[in-house]
């Protein structure tokens, strides 16, 4: 059985701020440093969505990359691109938008749309030097 | 026991077309869209071959990268580069040259030349935004 | 007067073959080597379109990048992507589709759509290691 | 006389918003689209600073890259990184922080610190697909 | 339980030579070819350090990337950057500085500084085309 | 007349040291810092050679890229790759191998082999963040 992983890159630009509402400014700056700037800062997030499954013998595809591209556009890019993650994306109204948490949210938003016998993994670059990977709870 | 993975990048340029001979043009276009263009299109395929094994205590190598480079040149680049995959590469006379299937064919062509106690994994970029990974049947 | 150059990256995948119809196969192979393969080969072409002009004081733009992006899509990507340049793109029915000639054709196709007081320059990557630049006739 | 250009890459992350205070929201959205999101969005800006001059015969340097690196850190990164350009960077209190305007501001901030017989040029990537170049007024 | 991998890129430049002191020059050249040049050669090593663990519910971090960045600077960059690995880095006084062995040494140097319930993995690019990965002994 | 620039990337790995023989160690370290390490350090040099000229109407080429690739291999890669620039490359026996000087030497070595009506330009990356450009004396 030949399981192949297919990967699709996408990207979105967003503003965010790392802070806890139940902490004061000094506490937030002690932990989150300049990432807690109350005026926000932002990133070009580079996203790689990976789907692992068997090759369909009829098409030679694990998954049609156009379908995957459209799913990413609909559920992630349209929701996150050119947005303020803290203020305009409901998932982060109480969750701190660290790269770690964003990768989990992306995984949770895409998981229902990928057939259940396939595995899903998320790689998210916050900067060219910092990135995270999440493959689902275990 | 220290198992290390060594990776070597290579590349080849090729033309291909995604279509099934037993389907008519309309069926092929419905599934493969512009990738089924009867006049072919093409890609710069970027290939990463990864070999995992123990470090040889005498040389400090898992595998001599020059040997791996030469194997890739002989078995993959010379066979695929500047070729029409559908028309000129025997493995794809009946197999659709999707990135998924190409990665499996590359794995099968290289596997006999890598010592059996080592693992082999293939990463193949069809475009900078689409790529696949295959690590052998399981 | 502050002249700024704004640059937009795009890409297309295509098949091509380098050959002269008035030469025989041996002559073509002598000059164009494996690039003259009669079955075609292909590339992921990476394109950078650069427009130089004064900053508009009202908008802060030299040119709206969305407009530039749409021009590239309409005139270049839709015309070249997933095509066989020799067989399906009229400009190359008699012109050899070398990277040099493709860059000139792209320049000529975009020039009428960029306002005349602005300069236009084309960079075209045929592979990650080979690319060309053209800034118009002189 | 051997003039060489030396280039140094740097980067900063920032939030911004494209809008004119003298326009209403509808006008701003008509021109700046989602870039005028009132809650801001952000980018990883990649910056290349290029200095052109003669090679110093004694050191073999056009300019000590450590000095250039420190100038960029002091005058650009410390001023822009993890900031909201509209709200926290004085140069953009009335100037729209488009990539074009940001490149001009960076040039103006660095120019006094580079010796006058040398040329200065700025390249600024707003995203991996959009970038601008500015080499001073002419 | 949501385990996420956080990755941080770093780099260092170094000279090295591949050879065994107990072999003569001809033996070394037979095995290590031009990498055994007695006058040394060098590389820009690109390093990716990956740490896998649970997200801290309070901070949204697996690990503070600033802390990881500082650990890499202190234990790896300061020890290896602009050094001759054979002559100036004690770990390679008797160990051949192949990419494989360097990745193991980096892992061993960082492991004590990462909390034990987290996994550590090293990716090391010796050139843009050759790289290795090590995730600890097993 | 359509002048196009064709560019070819190549690379070599080398060790070097920045120092003047007529200065003592303290003077060298004051100017060249850790780049003057007496045990040498090294880099993966990425080289781009650019040739500008008219398109040959018969071939569609400014210059056959295979010829350019072979010239770079013969005159630059074979001379510099896996070498110690100070000790093993005659041009640097008295010239400090800064990136600036190396780019001039590469230009001088290639210039006689490019036809005189074409322009030649050299771009040399010493690290991914530091690079230089040289287009000949003026």
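In this document, chain identifiers A, B, C, D, E and F correspond to the written order of the chains, with residue numbering beginning at 1 in each.
Methods note: contacts are C-beta pairs under 8 Å (C-beta built on N, C-alpha and C of every residue); 3 or more make two chains touch, one makes a residue touch a chain.
Remember, predicted model here, so these are calculated numbers, not experimental data.
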D-F against B-C, pair bridged by the larger set of C-beta contacts: B-C
Pair from B-E, C-D or B-C with over half of its contact pairs in common with E-F: B-C
CA centroid of subunit B to CA centroid of subunit F, Å: 34
Subunit C and subunit F: spacing of chain centres that average the CA atoms, whole Å: 28
Distance from the mean Cα position of subunit E to that of subunit C, given in whole angstrom: 41
Multi-chain contact sites of subunit D, meaning residues that touch two or more partners: 128
Interchain contacts, given as pairs of chains that touch: A-B, A-D, A-E, B-C, B-E, C-D, C-F, D-F, E-F
Subunit E residues within the subunit A interface of the complex: 1-10, 50, 55, 58-62, 64-66
Subunit C-touching residues of subunit D, taken from the complex the two chains share: 18, 20, 31-33, 95-101, 103-104, 128-134, 137-138
Complex contact set, residues of subunit C against subunit B: 11, 13-16, 34-35, 37, 39-44, 46, 81-84, 87-88, 127-128
